[in-house]
Amino acid sequence: MAKDLPLKIEAHDFSFYYGAKQALHSITLGIPERRVTAFIGPSGCGKSTFLRSINRMNDLIDGTKTDGHMVVDGVDVYSKDIDVVTLRRRIGMVFQKSIPFPKSIYENITYGLTLNERPSKSDLDSIVESCLRRSALWDEVKDRLHHSALGLSGGQQQRLCIARAVAINPDILLMDEPCSALDPISTGKVEELITELKDTYTIVLVTHNMQQAARVSDFTGFFLMGSLIEFDRTRSIFTSPSKKETEDYITGRFG
Amino acid sequence: MMQTSSSSMPLPKRLIGFFAVTIAMTAAVAVLGIILGMVGSFISNGGDGVTWSFLSEFPRNNNTEGGIWPALAGTTFLVLLMTILGVPVGTATAIYLTEFAKQDSWFARSVRFAVNTLAGVPSIVFGLFGVGFFIQFMGNGIDSWFGTTSFGDGSLLWSSATLAVLTLPVVIVAVEEALRAVPRDLREASLALGATRWQTIVKVVIPNAVTGILTGSILAVGRGAGEVAAILFVGVTYSSESIPSAVTEKFMHLGYHLFVLSTQSPDVDLTLPLQYATTLVLLGLTFLLNLTAILIRSRLRKR
Amino acid sequence: MEWSIRLVASASIIVIFLILLFVMREAATLFVSASTTATESTSSSAPSGDLVPESYDPGAADAPSSSEPEVYNPDAEEPATAEPAGEPGAPGQFIYASKNPKYPEIYNPDTGLLPADIDDVESEAETPDTLARQNVLTKLAGDSWQPVGEVPKFGLAPLLIGTAKTTIIAILIGAPLGILAALYVAFFAKRRVREFVKPAIELLAGFPSVVIGFFCLVTVASFIQDLTGVQYRLNAVVGGIGLSLAVIPIVFSIAEDALSAVPKTLREASLALGSTEWQTAYRVMLPAAAPGVFAAVLLGIGRAFGETMIAIMATGNAPLSSLSPLEPARTVAATIGSEMGEVVWGSEHYGVLFFMGVILFVFSFSLNAVTELYVKKRLIKKFQGQ
């Protein structure tokens, strides 16, 4: 399948536990660089857990543990000497619900940049503009950069969150059902954005919307009850799935 | 295009973060330490003094010997009378706020504002209010209208009334929280069965909120039992030959007793063991009351 | 039925008005007697005319009640009968008696007034001392507080300085501790730790203030003295520490509520951008909860300056105008608490104490109004966009 492409993220026998409950069962897959990879599956199937394991957001939950390896750029992110903060700066994340900070649009974008250093005002200005342009938001908000980000519409907020994630210049963008709270028009804009961003970033997308996976992704993985059932080029998954469960799911027989 | 590279976090920033979190933790530990130190010092210094005779005897020899029985009894009478006077009003207010008032109505907002204000008024001001309103106005008014002589002076009654006013916000907040925890479905189910609003409140809402009324009362009692400033000149006395037998009598009070023993008596050092023992009893009492309320409340919240 | 419960529910509002009315009523005796004396001594008198619309002549007691100040109307008809009858304790009496301290009824038999005090009062009335007859506002503006003596001095300055001193110390200690502990509990602590620490600190709120005062009196005072070798065992620092123990649980629980109310998703979003826990707390969570934390500090201030028992027991209670934190201090609330019991009811001193009560009430009312109206609006604005 994707053997010909360089892999950005690799999971080897990766398992995940919430306390005693196992949420992921020995996942093994490779996510190719600068492509959009989508994970689909019914709710509770583990696709979000897998996504959040890549940048170790699951660490925030008490009593979780992992098994196997999650490798990003050839390094196991769960090995002892890995610094979570640095890891997360290389991996941007966009959440299901847009979560702008209760600050101005400008401050939202510059938040990640000013954590470690103090870039000059002109640097910040140009980064803000370029990020907002990339997320197709510039024309809509350029006159109110210093207004509260909470005044934006839901779709604009989500694109702002993407711009904010892009601002710290990560290699990878994780998106956890980024459009589930959006109307179809906003969804369209975000999808368009994803397609544009994939030239620069490795994008991993979790969605419950199969059409979305089919529209924007190059590769698709199907999760069921904590296991990866099938992983292949999106075209193959949707036209000729090799597993019966996958076929049942994409043809709407369950889920 | 201008982009800063994704850099790793510089060491100083990391250290600041680590120290800041440590400092926050230290603050929490320090506060806990103070509490434990306080309680520990009271227990180690006063533990031996709390005996049955200490609890059951009258003070002797100008408060330098003997026990605290009249103070214990006076405090109990005080909080009981306070509960009788205050809890019904507080409960009714909470019922009004949750069951009747439109949340944005001018009246409901005023009541809420008043309740919050009342909670912030210094207790000494309640004491002045007790003098100015209950004793001077009500008491003297009753005396001059009915020809009595016993109301125009500080007493158990006026102290209880003052504390009832002071603890009103405590009751209202606790009961309101409990009433809000009663699921809306339950009310709607009752109304849908043809019950009137009052029937719903009496038969459905109040039974479900009994724990809240209980918590509110306990918290109010805990507050009232330890409150000294508000009753300083509304009827408390530092020595009494008997347990009050009428609401118009003066009474002894645990907190005031401690205050008098530790600051007003001629030989403070002599009575130090008594002071520690009194502190321990007073603290134990309020501690138990508050703990009970916290436990009931946390059970309520879980449900 | 609904109306009856609505009436009961309005009790809180009524009580607020009653507190203001009746505490002011007792305080106002001060201004009436003051303006009385003022009209006697000088013709162009009374900056206190704000409170008393018309300059009040003692002879007017017999005149139609329309010439009387509004506040006193309930008692306006009584003086003629009450004076000869001499019933101690009729409501109107204190007012009228206070205007002329010669009347023996002024003292309440129940306060156990000492004969010496009567002499004081009478001699003060008989000798037309210019100081004693000063306008009351001038007296309150004086720089020393000596309420008992030949010439009582009612200067509020030492008390206000003492209040400010102890309150500032209490807030400087209590606010950071309370807020940091709240930060720890809200963001950094593991759930099991949080479930223990939070109720434990909240239990401190239930400690009777007289118990905290006692602890400061016997333990903290010795500790501070051993530490610094100060001359006065009880001083503003000891008092401030004591008050901070009352402030901490208030600041803690309000700040913790505000911090916990910040959506957890903000924390995730910030951490996902590669910020540390502390950066997240400091740059995202704390600003988002800032109005609530501000409210916590304001209410902490309200608690500190209004607290009586700790202030009486731990500050040394001496009305000095010193700014040094290691010298004794006396707060407004402590003054009321320690002097109200011995004061002649209806006297000028009595009126001054009630006047200080009005100050406390107005201050706490304003603090609450600021938190209610301003802070809540800010919070709502913050989470709903502008």
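First chain written, first letter: the chains are A, B and C, and each begins at residue 1.
Quick note on the criterion: a contact is a pair of C-beta atoms (placed from the backbone, for glycine too) under 8 Å apart; a residue touches a chain by one contact, two chains touch by 3 or more.
On a predicted model such as this, the values are computed, not experimentally measured, just so you know.
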item	value
From chain C, the most remote chain by mean C-alpha position	A
Chain ID, smallest distance between chain and overall C-alpha centroids	B
Whole-Å gap between the CA centroids of chain A and chain C	57
Distance between the centres, which are taken as Cα means, of chain B and chain A, whole angstrom	52
Computed distance of Cα centres, chain C from chain B, in Å	19
Set of chain C residues in contact with two or more other chains	274, 276, 279
Contacts with 2+ other chains: residues of chain A	85-86, 89-90, 115, 168
Touching two or more other chains - residues of chain B	6, 9, 13-14
Residues of chain C that touch chain B when the two form their complex	1-2, 5-6, 8-13, 15-16, 18-19, 22-23, 25-26, 87-91, 94, 108, 110, 176-178, 180-181, 183-185, 188-189, 197, 199-204, 206-215, 217-219, 245, 248, 252, 274, 276-279, 281-282, 299, 302-303, 305-309, 312-313, 333, 336-337, 340-341, 353-354, 357, 360-361, 364-365, 367-369, 372
In the complex, chain A residues that touch chain C	55, 57, 60, 62, 85-93, 95, 97, 99, 101-103, 111-112, 115, 147-152, 161, 164-165, 168
Footprint of chain C on chain B - complex, ascending	6, 9, 13-14, 16-18, 20-21, 23-28, 30-32, 34-35, 38, 41-42, 89, 92-93, 95-97, 100-101, 107, 110-111, 113-118, 120-129, 131-133, 136-137, 139-141, 143-144, 149, 152-154, 165, 168-169, 172, 198, 222-223, 225-229, 232-233, 255-256, 258-259, 262-263, 272, 275, 279, 282-283, 286-287, 289-291, 294, 298
Residues on chain C engaged by chain A in the complex (per definition of touch)	190-191, 263, 265-276, 279, 283-284, 287-288, 382-386
